[in-house]
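This is the structure, below, for whatever I ask next.
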Amino acid sequence: MNAEVLIDSIISGLLLGLVYGLAAIGLNLIWGVMKVINLSHGAFIALGMFSIWILYTSFGIFPYIGIIMILGLGLVLGIITYFGALHRVIDAPELSTLLATFSVSLIIIGFGTFIFKTNPKALDFSLGGIEAGSIVILGTKVATGVISIIFTVLLYAFLYKTRPGKAIRAVSMNRTAAELMGINSSLILALSFGIGIALAMVAGALIATIFPFTILSGGGYELKSFVICVLGGLGSPIGALVGGITLGLIESVVTLGIQTSFVPVLEFALLVAILVLKPSGLLGGK
Amino acid sequence: MKKILVVLLLLSVLLVGCAQQTVQPSATSTPTTQTTPSATSTPSTSAAEKILIGFSESKTGKFNAESKEQTNGFLLWMENVNAEGGIYVKDLGKKVKVSYTSYDDESSGERVQQIYAKLISEDKADFLISPYSSGLTASAAIIAEQYGKVMVATGAASDSIFNKGYQHVFQLYTPSSRYLTSAVDLLQTKFPDAKKVAIVYENSKFAKSVAQATKSYAEEKGLEVVLYEAYEPGTTDFTSFINKIQAANPDAIIGGGHFADGETFAKQIFEKKVKIKLLSLLVAPAVPEFAEIGDAALYVTGPSQWEPQAKYTKEAAQKMGVEFFGPTVEEFVKEYKAKYGYEPGYHAAGGYAAGLILQKAIEDAGTLDSEKVREALENMKVMTFFGYLEFEKGEYYGRQIGHDMVVIQWQESDGQLKKEVVWPETGASSQVIAYDEKY
Amino acid sequence: MKDSLKNLTDVSLLWLLAIIAVMAVIPPITNSITMREDIFLILQYIALAASLNIILGFTGYVSFGHIVYYGIGGYVAFALMYFYGIHLIPAMIAGGIVCAIIAYLLGEAVLRLRGAYFAIATIGINEAVKALVNNLEFLGGSAGLFFNFKIYQNYGGAGNAIWLAYYLMAILAIVVITSNYLIKKSKFGLGLMSIREDEDAAIVLGIDTKKYKSLAYMLSAFFPGMVGAIFFFKNGNIEPVNAFHLLKSIEMIFMVVLGGFGTVTGPFVGSLLYERIRGLLLVNPLFKDLHMAVAGIILLLLILFVPSGVIGYLRDKVAILRRYVE
Amino acid sequence: MLKVEGLESGYGTMQVLWGADLEVKKGTITTVLGPNGAGKSTLLNTIFGLVKPWNGRIILNGEDVTFDPPHDKVEKGLTIVLEGRHLFPSMTVRENLILGAYTDRAMEKLESSLELVYSLFPVLKERAEQMAGTLSGGEQQMLAIARSLMTNPDIVLMDEPSQGLAPKLVMEVFDTITKLKNEGLTILLVEQNVFASLEISDYAYVLNEGRIVLGGTIDEVKDSEEIKKVYLGL
């Protein structure tokens, strides 16, 4: 092993981690605001992948423009899903929300399998790359990393600078108090869920620009998202990004030292250990 | 709201009613296709009206795509046979038409035994075809064996099913132990300077057994295996893995797993400009969608059970001194295209061949009796559009020993990516090109 | 415990056991293989759902990766039979015991977590164990283990071996349902339910919640371990992807919720209904290609409109049932 | 200004209010007294809409608002200071206050409301950039009241504002309430602290077992046998 390999692995881990982070951010936002573990997260990631695939292959829309359309689509779908599947059970014990979101996942995957089968798809699309010795950094990966950062920054600006963003934060801290301020908490919850879903779909679309996928691909990212959220602290959007980068680095750098197939053992063992020892995440204060 | 509740409740009560019915012998779920009203007595003793073939297919879940192709192939065969009046059964002195019954196994092992038990004891299937994939076939085999029903296994390449003492399971596919050995042969013949191989595989049942066999074969042939490592199913980023491979500096990379990981792996090897003579991957290159990755697919090779360009001809059969049975490759491809609108892949060919081989065995045996048909299969040596087929009689009873893999390579002609058969040399449609020629 | 034994005469348990027993003897009487396979699956579901009910229904802890115990039990028993030729029955019991021990150890850590945190941790445990077994070469790694058909000769042939598995599953289903009932009727069960309603209040009442939760978790792991042992014995091979299939975990939860969370009859009714709904969806020409989506819609409607499950709903609406249905 | 007629409500299947009637006149402080468990908090929560009314009518400024959700009532000039404060702990004091002015109605007056609040509670101005969760108990109560003022209300419902505070702070809270009245606000107060609340109120009602058993001007109530028996121990 030499320095070049190590540097290459760190860069690729970092870029991959940013995508992982974006995939997990929606999950974490929804958890933070609604205290709901969204088991339809993976299904919506897959939906994002197929949306960009349809936009690109059928309508010839440039993927990074398509992402904006998908953001809107995700927002609408998320809000519909909230009122259709979650609104009635939002105050029920977590089992109800777990199963409600899982049933949404079944519905999406069910129709998805019917329409798309489980054939893998890929976007034949390239932005070139940067080369230095044996280090190759792909344009699409860099773009994906940059877009992930942009979306995270935008999300933070939205949460801290805008009126609905502040309302989301208020609702996440204390729903009753938010109601006292005249905030329609149902609308805010729906909005949060919509944003969470929109981010999941955008993440799916971005992943589709770098990796092949099937309708079932979302499941893997959903599980990874759990690990990421726990690493970075459940409920904290920025934590998701940090957790994502941590996971990306673990996957790319640790792989150099151990048998690759042991990485998931490490990841999930870490998930359980952190939950038990430090539930606020690696970064969390308390 | 109240109304919905009531409706749901009624629905539930109705379902409870249905559920209780399971307990009564009469009512069970109906098969997906309507078959003969009832075949109460065993077919071998009565003048059978129809030959019923039973199998489970994966209409949902991860095997959905492959299984669908397999069924398509089978249905085409059934259509063809029935168009000619059916299979000629000598004992009955007439042709008997074929029908089938199938259920969805959801790509999961849980239901397979239930389905095969139902096919045998309730639907009275005369013969069985395996589910798609080795794992599901292994579960089904126990039931088939227990009731002495012949099961033709297609879409199941594992060797390990066949040293478990089964006497009624016959494999169509080249077993996994020989999946990538042709790639090793190809490498040694065409690139004699290449000495170092990296064998990397997906950590799953199928890929692992292929990799194990390939490793010992490569070492036996005097190649140096410089890296032998697995990656997790569902891996999407191979960057570090490829770094590891590059550090070992191989002349060829052989391995892979299933489609998605294979496609990703190939794409990322290209992106990292890995300099090797041969890249040979399981499953992915043989699938038409592999072309979606564009330039990355160029010069990638992979084993395939069957290709439309395959040269399994009557002349070849004559040369070997065996019978040629069923349609020619061209006929099969043409008919399949006409019926489904696209070129068949090997899963579809396997599905057709499963029916074909049963037909041949029944005609040879001249009866529908399971044991006689089994003997016919045991002694069968036949060339078909799918290739030469023969089954092992020894420790691995029923394992395929006749059929060979072809190696395909994605090459360019007129700016279009096209699959070419590059191995075995006798059936090759084009010469193999070194992988690093593309850079 | 004495009290609960006295209550054994209660109608609610008796009719339930009677139905299961009647159901279970039909295949041997009619000698129908199809029915045996159908009912085997239903019995397996009943045993799994009722096991999960102990921790999920009574205690209110959402064990989302509960299938891990089915897989561990299956692997332990399979390995004992495969490597040492041990008979199914002791191997099965060993599988159950190993699961209970693992549940005790893991419980020490994860039972401190509440709500969704616990649910995520159990998913993590399942995935970690699956990934680990995938890498354990002596258990065949990702390829799993595979019986030789000859192994069934020790049981008088494959036919007898499968019947043995069937009877064991029937007995197990009855045992799990009975233990559900005993728990519900006991002081222990009352303690569990107080944890479900308000864990802090339960502590204030002087309930040793730690011990109670641990015991409930061990019990609810013990039975699935044995179920896994029987299933994989009959299946003839075991692989990580089948043994630790997260979707099956969710199926278990679905059955408990469908029938009625925290009731004794619920898991039974839920399993029966679930199996039938699936059976209908799978073969109905209208739904067969969309059965997953239809299942999702049904599940959603259930969660939204009948959250207490079929039994819970009936008990609420039909007063007389309260006396006869537990 | 606010009129409640035959109000019934409860939790699940348990009825708590059994037909409460009361009226709050503009520019006054009205107190609801009653023993523990009489349903005082439920009454306020039902008026505000946090607990759904089962029966009866709530009329605000002549408009029937019985089944309006809470956020709509805020838009119509009603607000509540809940028992237990309900702040946004990881937002700054200033952010808490600004969120108080979330509705369109409140937005218009954001600047003047803020000025008013800072003049009433100078301490909040000093701590404007501090996280709300780090304030002392008394300061948190001030912030809760201040934040409710930010909604630009006509009428403020207050649930036990003095609960859990040191005696000195209790007096401060009651002073504040009087100041609010002087600013022209209408206040409906629920209190355990009978003496202090009677001191500042114009009208009082006595709630017992979910029903209003007595009501009138402060003097009428003070002199009634009922109140003497229950509270004054005479």
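By written order: A, B, C and D. Residues from 1 in each chain.
Just so it is clear, a contact is a pair of C-beta atoms (placed from the backbone, for glycine too) under 8 Å apart; a residue touches a chain by one contact, two chains touch by 3 or more.
Note that the structure is predicted; figures quoted are calculated from it, not measured.
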item	value
Identity of the chain that, by mean CA position, is farthest from chain C	D
More contacts between chains, A-C or A-B	A-C
Distance between chain centroids, defined by C-alpha means - chain B, chain D (Å)	74
Chain A and chain B: spacing of chain centres that average the CA atoms, whole Å	36
Separation of mean Cα positions, chain D and chain C [Å, integer]	52
Gap in Å, rounded to a whole number, between the CA centres of chain C and chain A	32
Multi-partner residues of chain C (each touching 2 or more other chains)	131, 134-135, 289, 291-292
Residues of chain A engaged with two or more neighbouring chains	110, 113, 259, 261, 264
Sequence positions of chain D contacting 2 or more other chains	none
Pairwise chain contacts, counting only pairs that touch as defined	A-B, A-C, A-D, B-C
Residue ranges of chain D touching chain A (in the complex, touch as defined)	48, 50, 69-71, 74-75, 79-82, 86-91, 95, 98-100, 102-103, 105-106, 147-148, 150-151
Complex contacts: residues of chain A adjacent to chain D	163, 166-167, 169-170, 173-174, 176-185
Residues of chain A that touch chain C when the two form their complex	31, 35, 37, 84-85, 88-89, 92-96, 98-100, 102-111, 113-114, 223, 226-227, 230, 234, 259, 261-262, 264-265, 267-269, 271-272, 275-276, 279
Residues on chain C engaged by chain B in the complex (per definition of touch)	22-23, 26, 30, 32-42, 131, 134-135, 141-144, 146-150, 157-159, 162, 234-237, 239, 241-242, 245, 247-248, 269, 272-273, 275-277, 279-280, 282-283, 285, 288-289, 291-292, 301-302, 305-306, 310, 313
Of all residues in chain C, those that touch chain A in their complex	56, 60, 62, 64, 109-110, 112-113, 115-117, 119-121, 123-125, 127-128, 131-132, 134-135, 250, 253-254, 257, 261, 289-297, 299-300, 303-304, 307
